[in-house]
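Order of writing sets the labels: A, B and C. Residues in every chain begin at 1.
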Amino acid sequence: MNIEIQHVSKEFNHFAALHDVTLEIPSGKLVALLGPSGSGKTTLLRVIAGLESPDAGRVIFEGRDVTALTPAKRKVGFVFQQYALFRHMTVADNIAFGMSVRKRKDRPNADVIRARVEELLGLVRLEGLGNRRPNQISGGQRQRVALARALAVDPSVLLLDEPFGALDAKVRKELRHWLREFHDTLHITSLFVTHDQEEALELADVVVVLNHGKIEQIGTPREVYERPASEFVHEFLGEVDRVALGGQSIYVRPHEWVVAPVAEGPHELEGTVISMHDAGPVVRFKVLAQEQTVSVELAPRDYRRMQIVIGDSIGLRRESREEAVVHKS
Amino acid sequence: MLKHRQLLPGFGLTLGFTVAYLSLLVLIPLAGIFVKTATTGFDHFIASAFDPRAIASYKLTFGISLAAALVNGFFGLIVAWVLVRYRFPFKKVVDSLVDLPFALPTAVAGISLATLYAPKGWIGSMFAPTGWIGSALVADGWIGRFFPPDGLAENGIKIAFTPLGIFVALTFIGLPFVVRTVQPVLEDLESDAEEAAASLGAGRWKTITRVVLPELTPAVITGVALAFARAVGEYGSVVFIAGNMPMISEITPLLIITKLEQYDYSGATSLAVVMLCVSFALLLTINAMQAWASRRSHGV
Amino acid sequence: MAATVSLRTSGGKPSRRGLQDPLWLRAILITLALGFLVLFLLVPLVYVFMAAFEKGFGLFLKSLSDPDGLHAIWLTALVAAIVVPLNTVFGLAAAWAITQFRFRGKNLLITLIDLPFAVSPVVAGLVFVLLFGRNGFFGPFLFEHDFKVIYALPGIVLATLFVTFPFVAREVIPLMQSQGNDEEQAALTLGANGFQIFWKVTIPKIRWALIYGIILCNARSMGEFGAVSVVSGMIRGQTNTMPLQIENLYNEYQTVAAFSFAAVLALLALLTLVIKVIIEARVQRQGNESGLPVSVPLVAANPVLR
């Protein structure tokens, strides 16, 4: 189901959380709303869900204007940041909740509900935990219960508010993979909010970058990373240096440099290695070139081949690409 | 006022009901007191509210309430300290009992205290001239002999039916307030500051008086204020043990009732206005004190 | 900040080694504390029961089964049965309005709810006499329609409603405020309507505080003396509640009878305290088990003046 946001604005106490946001979300995609705190991403998510009503603008699901509809009528599945599980119900009752509150004539009978709960528990790989309470399971498990609960009502769109924020690093990574696989199985239009650009780039089909209530850019992860539309996006999406080259101010990412000994020109910059950190998947070092400090990343095998040490002089040039990204300041 | 529709249902219903119930039951009746006073005129109000008998009752009520609150401040602090920091048998029982004055109906406390402290009661008889305390204080008692010619207390000490009895009752009634206000603060006190003081060489006494007690001061003061406010309006526990003699041992709430029984509605109302003003002033002060106290502890 | 007889769930800290007060200090302080409490709490409490049973269990029962006495018991129970449900509904409605919505004047509303605590019970009775008494505002109107409020049940109910008004609200509101309304929002997205959210999600969350508020409201309704004595006229066999009956009997020197009723009410008070301890233990246990935040100490932000 595709979603259209048209000129949505929302103010809180004279603070503009969203300003004239227009956006189209293609059906079946996993979309990231990415931005720093205060960028409006959670507000936008809640407006789409119907948990906030916009001061101006419309929300359209599959051609139908839902702006005036309550969350339940929009058939959205919402996963809250702290999961908001019903603390006094079992996991199974939590998942069954959406079905159990339907009007009598629409309500499935107890066996059907139980079967569906089992099905969902299997889907989120929590079989056998139906009788536990939320306070008896781990954070990652609670998150999956929240997801199963939201899915139980057959939503047309899934909305997740910082789904991995409350978890520690290893669990976060595992759940990311899991969510991606999960989406690939279900193909429900899904939006998630995050401030972690790594997460957005890794998970999403489409990344929407927000800042100060406005959309900075929409694109695939590759697009927003390599062809950022503004300084903000460039700086937010990953480490980047601003380098003066050929009279212009150019943004270059550490891995975009090609490193070679000084003798093997031509170079755009020449300088001395002033610090080095050899750990993990890349080797990082800083090069001082004519009063500019530049960060450089190399794959370990290249680094070992060149045997660079602190104090060495090296030359840098950018990988050739079709066009350098220059932002109007 | 409401630009946006409320997210969850029931706003109009619940808020409407709440405001209506509050107005009908509390606000309008209370306003009635001030309206009544306004209609009978300011001069009449001043005359009733400040005649000698009324003033005597204020002095009695406020004076003894303050004394009782201060005593509760001292002992309440000790009780809280002992409950939080020491271990002794039946501590849990003792802790629960502290709430008794709050849970016990005032009339029950009233008749119990009145009977106990009457001259023939268990405690009152100890202070009578024939009791073990009273006999020590009379002219030829082992303490009284140093105070010729009448001893320290000519006829022993009479507690019930005197202001002293009122003091006892008001101390009972205010007991939980200081304890329950200080206890949470003591419980949450980190031991770091005390450990630091100890490591710097401060003796236990110094540590207590200079490091811990200052932390407790806002809570103690708030507790005393709460006990005072409670005591000022108290009726049931006091009316049995007080002598209820005008100008001597008549508390203001009783004076209000007496006036009502004489159908002096406006007189009673004038006194009520004075009590309400004092209560509201106390309410605001206590609110302000609690705000100050939490600023102090959270501002660090 | 602390209010009396609110549930404390913060739990004690583990014992502190190395910071023990010296033995002499502990001895003195414990003696002072226990002595104070025994004198002011234990002795009056024990005395109530001793005086009630002074002439044996038989006289105790006889005093209670006197017709006027039975009527007093019945009237007390009736008033409580009317007042407690009404104030509970109010408390829940106010809590829902205050914690689930944003609106201006919220703090004012919370302060106003505490107002009855700041008013002396005699004044509380007086306000209703002013409204409904013979010379009161509605006096003539009521007289014409032969409907008695003062010196009758409606007056007693009104005065008791006034005095016990805040009890349920001030137990439930702080708890709901600290728990937030994420769960209610989640229920909304899952399609529940207002009542379903209230019954299935909210009430289970607050049940202990709610129970405790109801128990307190009940204890207070049954024990209220000052306000009720102003409005009831103390007509034996008709408008005497138990506390008033106690006063009557005591003034007539029927000491054992007075203390018999007092003992019943004292037992009720002790029961209230026992229930409080049980609830505190339950809430503690729930809090300790969960990784979820413990409900904040069930205290009110506003002072208790009664």
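Please note the rule applied: a contact is a pair of C-beta atoms (placed from the backbone, for glycine too) under 8 Å apart; a residue touches a chain by one contact, two chains touch by 3 or more.
Note that the coordinates shown come from a computational prediction; the quantities given were computed from them, not determined experimentally.
Q: Report the chain closest to the protein's overall CA mean, measuring from each chain's own CA mean.
A: Of all chains shown, the one whose C-alpha centroid lies nearest the global centroid is C.
Q: More contacting C-beta pairs: A-C or B-C?
A: If we tally the contacting C-beta pairs, B-C comes out ahead.
Q: Quick one: subunit A and subunit B, Cα centre-to-centre, how many Å?
A: Spacing between the chain centres: roughly 59 Å.
Q: In angstrom, rounded to a whole number, how far apart do the mean CA points of subunit B and subunit C lie?
A: So the centroids are 18 Å from each other.
Q: Distance-wise, how many Å sit between the C-alpha centres of subunit A and subunit C, to the nearest whole number?
A: Comparing mean C-alpha positions, subunit C is 52 Å from subunit A.
Q: Could you pull out the residues of subunit B that touch at least 2 other chains?
A: If we look for residues of subunit B contacting two or more partner chains, we find 7.
Q: Touching two or more other chains, which residues of subunit A qualify?
A: In subunit A, the residues touching two or more other chains are 51.
Q: Going by the contact rule already set, what residues in subunit C reach two or more other chains?
A: Touching at least two other chains: 185, 188, 193.
Q: Considering only the defined contacts, which subunit C positions touch subunit B in the complex?
A: Touching subunit B from subunit C are residues 1-6, 8, 10, 12-13, 15-16, 18-19, 21-22, 25-26, 29-30, 32-34, 36-37, 39-45, 47-48, 51, 90, 93-94, 96-97, 100-104, 109, 111-116, 118-123, 126-131, 133, 135-137, 158, 161-162, 165, 181, 184-185, 188, 193-194, 197-198, 216, 219, 222-226, 229-230, 243-244, 246-247, 250, 255, 258-259, 262, 265-266, 269-270, 272-274, 276-277, 297, 299, 301-306.
Q: Would you tell me which residues of subunit C are touching subunit A in their complex?
A: 182-183, 185-193, 196, 200-201, 204-205, 289-292
Q: Which part of subunit B faces subunit C closely enough to touch in the complex?
A: Checking each residue of subunit B against subunit C gives 1-2, 6-11, 13-15, 17-19, 21-22, 25-27, 29-30, 32-33, 36, 75, 78-79, 81-88, 92, 94, 96-116, 122-123, 168, 171-172, 175-177, 180-181, 183-185, 187-188, 191, 194-195, 198, 204-205, 208, 219, 222, 225-226, 229-230, 232-236, 240, 253-254, 256-257, 260, 263, 265, 268-269, 272, 275-276, 279-280, 282-283, 286-287, 290, 293-294.
Q: With touch defined as at the start, can you tell me which subunit A residues reach subunit C in the complex?
A: Of all residues in subunit A, those touching subunit C are 49-51, 70-72, 76-78, 80, 82, 84-89, 97-98, 101-102, 134-136, 139, 149-150, 152-153.
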